[in-house]
Structures are given as structure tokens and as C-alpha cells.
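Given below, in the form of C-alpha cells, are the structures.
Shared between the two complexes below is subunit A, which pairs with subunit B and subunit C, respectively.
Let's turn to the complex of A and B:
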């Protein structure tokens, strides 16, 4: 998963896609995942951080991460692999 | 280090522009307690899903309605509509408050008797009464509201075999300026059927005419319709007085008052737009006191409202089973209460709130029940906070019709509890088990084994 170059992300969870003009908001967990994606972290590393920081089981975090990635793809925020 | 609370990751597109026709979304606070009882504890003790009734709300609604009418008209009697909710605990709260019983079947009639209602204070409505039921009601001195001519003739026959004269009223249907006009029950006012039936009763000498009854429809959003209906009832009473020098003892205006629920397709919430008890009371009592009745011969005003008295006293608690995305990315949440329990979700946009601390992030969601049937949708679109499996939701205003019209379909029906005035909880209907359903089945001998 790689975030498209042109996407602007603020620390407070605000996204802007200059090529489409669309804006988005993400919640804190979503913002943290986006920051890790931008840093080039792998899915396993992301899951490790999330399960280490939040009260969530790995299987739930994994399912939610896949779904979140699906939404990012649908909104054209990450490149299709 | 203590771990932080987890909300699943969420991304929402910001849609700028003009607000839609529904305006801005309201955000409802979570319902963590009902009458002081924590929702999570109730579910832990009695299971999920769970119907919860508030005795305090029922009594307060009844007193509000009673006050609205008695401050405007001196002789008022409520009769509890059994079909709206015939759990005996619920009926008995209304009876304790002074309500008579209004029943529409032999089953409901027996239930009212079993609850200890004075048979003379049972109103027997409905189009499907049998000869045996009519005989029993006659001998008990109950009030029988005649629905059609065949019933009128049957009752004259019954009267011949009974030592008591049946105490009767006729149900009248009429045009009150609202749509749809209900004309399938009773005798029509405008075409003269009602007057014809009253003449037949008076000339038969076999029946004791007590009053006049109407029930103009359901969820009536305009109180004026009741004013029109009352005036027409008064006209029939006046005609009886003129022709037979007969004074009706009561005028029964039925029910049909809207509750605080919001009908599907409504522009504004029902809690803001539906008439109050005061508005209905004003329309009905004005038509009565401005009529020909003198202060000494005012008839008793009977009201059979059900929905408006009980709807907001009932809650359905449910738990999230799963979340999923539909094909176009729309969020869907599956909960453990479906349309099998919430019959009214076919016509209401039920208010749904979460039962625990909320995430500040919300999403448009479709709320599905647990049934493997496409129709099992509680809300097609509702803005809810981020939900995780196991979270609890509270569905509001579910007190009317659901625990009578619910279906045993696919799965069992759950426990029903009552929270009394002091905050104690009581199980008032036990959840079903396999035996409750299979126990009534009979297997022919050749089908008892599936393998030889």
C-alpha cells in the first residue's frame, strides 16, 4: 500500500487530493495508519503498532485495516497494486 | 503503559455544498441508562436483544392524556387497547390507572377477564366475533360494538337465547377529510348505513343500545379530523333523541392518536410535528360541549388510544454483530434484533442511539437485522458513531404493536422486562426456546425417522 504522492495529509486527520479537489477526514486510528503508510511501513508493522497502542485484538485490527485500505482505494488515496 | 481506546479506522469524504432537504444531521446523545438502569447491565442479566418497558413512562403518559381530556370535558373514560400491547403486566398498569379494556377477539376478551377486568367494563370491538363469543359477552354484560349487519342479526338471535339483553353500540365509519378514509369497519355515516343500523336496533327491542363508536384511522396527524368525527357522532345522537327520545350513554371516539414516532418519508421528526393529547382533546371536547347536549345529559366520552400511550415507554435493546461495506462503499451494521421483533420498522424511522460512550466520528450506516432475508432492514440510512461488534444500541419508541405483531420467524423471541417506578426490573415475558415452537408440532409415524 502506497499513498499517492500528491495527497496532502495534516496532523489533525485532514486529507486533500489536489488532483480531484476532494477533501476527507480520518479519525485518530486512521490518521496513525496513514502516517505509517507514508513512512513506508508494512502491513505487519502497522498491525504491530496498532495492537501495541490500542485495546484491540490482532484479528479485529487486521480486518479493520483491510477494510480501511479498501476505502482508501475507493477514494483513490492509495495506488492500486 | 495503559493501552488507548480503539475505534476502527475511518475515513469520510467531506461533502460541501447546500444542505440536503433534510437539513443538518442531529446528533443524539448515547442512552446509557433507562430509568436509572444501565443498559449494559440489563443486557448482561437478561440477554440481547431485549424489550424494556418503563412503568414510570406508561403511568405518566396515561396521566397526561387523562388530564388533557378531563380538564376539557367532565365525563371521560379510557379503555386500554389490548392489541397495541397485551402483555398482562402492561395491561394491568393501565387498569390500575383506571382504564377499561378494549378487545378485538375472543382471545383478548379472555385475557381481559383473566386480568380481572369487570366484564361490564370490557368493550368488545372487531369484525370477527363468533356466536359463542357474542353469547359470552352478552351474558357477562360487556359492551359489544357491532361491526356489520350480519353481526347485528346474529346478535338478535343470540339475544333470544340469553337471559340478558346484549348491551351494544354500533361502529360508525365516516369521511373526516383525511386520507385514507377507513370504511371497512362499521357502518357508514354519509350513505345512511349507520342510521339504518340504529333504527334496526331500536325497533328490534332485543338489544340495549348504549352508545356510538367510531375509530377514524390510525396515526392521525391532524386533530381536526377528530372534531369533524365528533360532530358527526353528535348528529347521530341528536337524531336518536329526536326520533326515539333516546339518550346515548356514551360516545366512543376510538383511538388513532399519533405517537412521537416519525413515519417513513416524513420531512420533520414526529416528536416535533405530531399533535399532542391536548390538541386531540381540544378538538373532541369542543365538538361535544358545543353540541345540543345539556349539561345534565352529556354522554360519557370513551377513548381507546393505545399507541400514543405506550410507544415511548418501550425500548428494544440490541447488540452489534458485525460491520461490513456494501458494494459502493456504504457502511452496513448487522444487529441482533430484526424485523421479526420490530414490525413497526416497516413504517417508522425508529430513533436509534448507542448505549455507550461515543466516538466523535460518525458515518451513514444501514442497519440490518440478523435474519437471512432481504427485508430485514431496521433503518435504511442512519448517521451513527463508529460501532464495534458487541456494542449496544437502543431502539426507541417500540412500545406499541411490536410485542403483539412480532413474528416467530427464523429465530426466537427474546425476554421482555419492566422497570418499575422504583427502578427494580421484572421479567414479564420469558424468551422462547426450541420447545416453545417445536412443542406444538406433531410428527406422523412414517415421518419420525429420516432413515430406515
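Let's turn to the complex of A and C:
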């Protein structure tokens, strides 16, 4: 997963896509995931960080991350692979 | 270095829920760097808010409606010119443009300049002619047809399908989901705007607008793209954000260079769900949201004035992306004497 270069992400979890004018807000965990994606972390590395930081089963975290990635794709925040 | 001072007359002072562009144009002119201004407002009604707004027009005059004919308009403009020594007029309504275009030469002879589209440009971009326009310039436009008889609704329902757009020649547009609604909107529009009525294929997607300025030689002097963020029940943008979409801006430059567009314009575009842009309408004048363009670094009213005065302003290179305009309304308290003066004497 790679976040499109032009997407502006603030620390507060506010996203702005300058080419479509759409804006979104994500919760703190979402912001954390986006920051890791921007740093070039893989899905496995993100999962590892999330399960290491929060009390969550790996399966649940995996499912949630997959769902989140689906939304990012739908809203054209990440490039299509 | 001292700046020239231009007296500029501006129409479209009806800053109501479906606002005219006049007040926004004047704000741009007052922020011009290349010249100082004296602003003369031209109003059709004595209750146009721009007449009374402080810091907008230095003086405002009532002018006759376009239906009164160009002679009546010319007579009034001559009288105003005698008082004010106008340098430039910026007309801002679709419905009045034709009259001003007809008077362009006469006014130029008096030293009053405008920078308007040519008759050919004005006619071929018309809603009625949009399908041919799309073909001629290689721009995607929705299928459409102009009708003058409600019976034709039946004839075209198959090719256009429901929902379809039902539009007036000048203003108003409705989405009809069935024949009954289409007929109802047809009658509503003809009662207000006359014939023809335009039926247009409905494009599902997101609405984007571009305002810009062409120098008449094929160069794009300004182009700012905006996504509507908040739309009123009349379809007007109450809030919008400047965006940077290469495809949209390339399309705008293609429009300007292929038509050699002269003057301000607004392109109303729809981005379909599969990512294609459709040109829905071309407004041959500056739009009411032009102050966003001024605010992000492209002062279109200023550049248009320079073009009208025979100068060659350099094309704007860029603009700030991610800036919003949010429209608001407020109540002014106006002395009855001002209203009376304007209504009775025709100037304030």
C-alpha cells in the first residue's frame, strides 16, 4: 500500500486530496497507520506495531486493517496496486 | 510609481441566495495592484444588496432590463458616462451580455472598454448548441436536445433516459425522474424563461467548476478549479475549495486555445464515476465565486480590466490549493431615504 504523493495528512488525522478537493478525518489509530504507510512500512510491519501497542488479536487487527485499506482505495487515498 | 485610476462600471449587484457576480468582481477590482478604481454599480432593481453595501460601489445607477432593448440601454449608459467618464464596463449576467456585445463598438467609440466573448463564441457555447460544440472541439458533453413542444419529451425519453436534466435557456435546471416531472419542469421553465427548453442526459458524478480568462488569442491568462463543497437547493455553491486537477486544467486550456476564448468564463464540469469529465455548461462571464480565484492568487477581474484597456497581462502561473470560500449572508440596515433616492432618482 502506498499513499498517493499529493495527499496532505496532518497530525490530527485530517486528510486532504488536492486533486479532488475531498477531505476526510480518521481516528488516532487511523492516523498512526497512515503515518506508518507514509514511512513506507509494509502491512506486516503495521500489524506488528498495532498488535504490539494495543490489546487486540492479530486476526481482528488484520481484518480491520484490510477494511481500512479498502476504504483508502475507494477514496483514492492510496494507489491501486 | 503612481498607478492609473480607472472608473469601472459593474453589473450583477444582486448578492442574494443565487448571487450575481458583481460584488465579488468589485472586491477583486478593489484589491487590484495595477490600478486604483472608482466603482460605478449598474443595477436593475432598487433592492439589489450591492447598491447599499458599504465599500462596494462608489455610486450606483439603475439601468433598464435587457427586454427594454439596446437603444434604451445605450441611452442610459451614455447618460451615466457623461457623469462618470467610464473607462471599463464589466457586465456579469448571461441575459444582458448580448446587449452589451451589440453595444461594444459604440461604447468603444466613446472610450468605454469591455472584454467580451465574440458573437460566435457566445452563440456556439450556448446550452442549445452544446452537443455540436463538444463535437467541434473534441470535448465530452452529455447528450442533449433543445425542444419547443412538450410532445417532444416523449420522442427523446428513450435516448436520454430518466433521470434527465430539464434546463432553461438562461437559468434553472431540474432533475426529472419520470415523464410527469419532466412535463412539470418543462411548463415551469417555459413560464419563466420561455423557449426552448433543453433536455440533457444526466451524468452521475461529482461537480467541479473552473473559472478563467482567455485573451482572445488562445492563451489562458487565468484558470482556477474548484470543487463545490456545499450546494444550495438552487444548485449554487455556498462553499467550495480550490483544487489542483491536471486533467481539469488541461481541459480548460484546451477549451481556451481551441475556441480562442475572449473574456472571463466559467466551465461547469461533471466528473463521472468512471473518472471522465463532461462539460455541462459554459458560462460566458465571471462567476459569483470569483473571489475564491482572487483569494488564491489569480485576480481575474483585474486581469480582465487590463485586457479591456489593451494591455497584455502575463498568464498567472499557479494558485493556492486547498483554500475554501464560504459564503454568508447578513442583514444590512438601510435608511429609507437611500432606498427612496435610488428608486426615484435612479442613482445613489
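In the analysis below, the second predicted complex is superposed on the first by the 81 of 81 C-alpha atoms of A that agree within 3 Å, B and C clash if a C-alpha of one lies under 4 Å from a C-alpha of the other, contacts with A are read in each partner's own complex, and residues count from 1 in each chain.
The rule is short, and it goes like this: a residue touches a chain if its C-beta (ideal position, glycine included) is under 8 Å from a C-beta of that chain, and two chains touch if they have at least 3 such contacts.
Keep in mind it's a predicted model, so treat the numbers as computed, not measured.
A simple residue count on subunit A separates subunit B from subunit C, and the partner touching more is B. In the superposed model, A:21 makes contact with subunit C only, not with subunit B.
In the superposition on chain A, contact is made by A:8 with subunit C only, not with subunit B. Contacts of subunit A with subunit B, set against its contacts with subunit C after fitting on chain A, overlap at residues 22-23. For subunit C in complex with subunit A, the touching residues are 206, 208, 226-227, 229, 240-246, 321-322. Residues 3-14, 16, 323, 325, 329, 359-361, 386, 388-389 of subunit B are the ones touching subunit A in the complex. On the side of subunit A, the complex with subunit B involves touching residues 15, 22-30, 33, 50, 52-56, 60-61, 64-65, 67-68, 70-72, 74-75, 77. Remark: subunit A residues 6, 8, 16, 18-23 touch subunit C in the complex.
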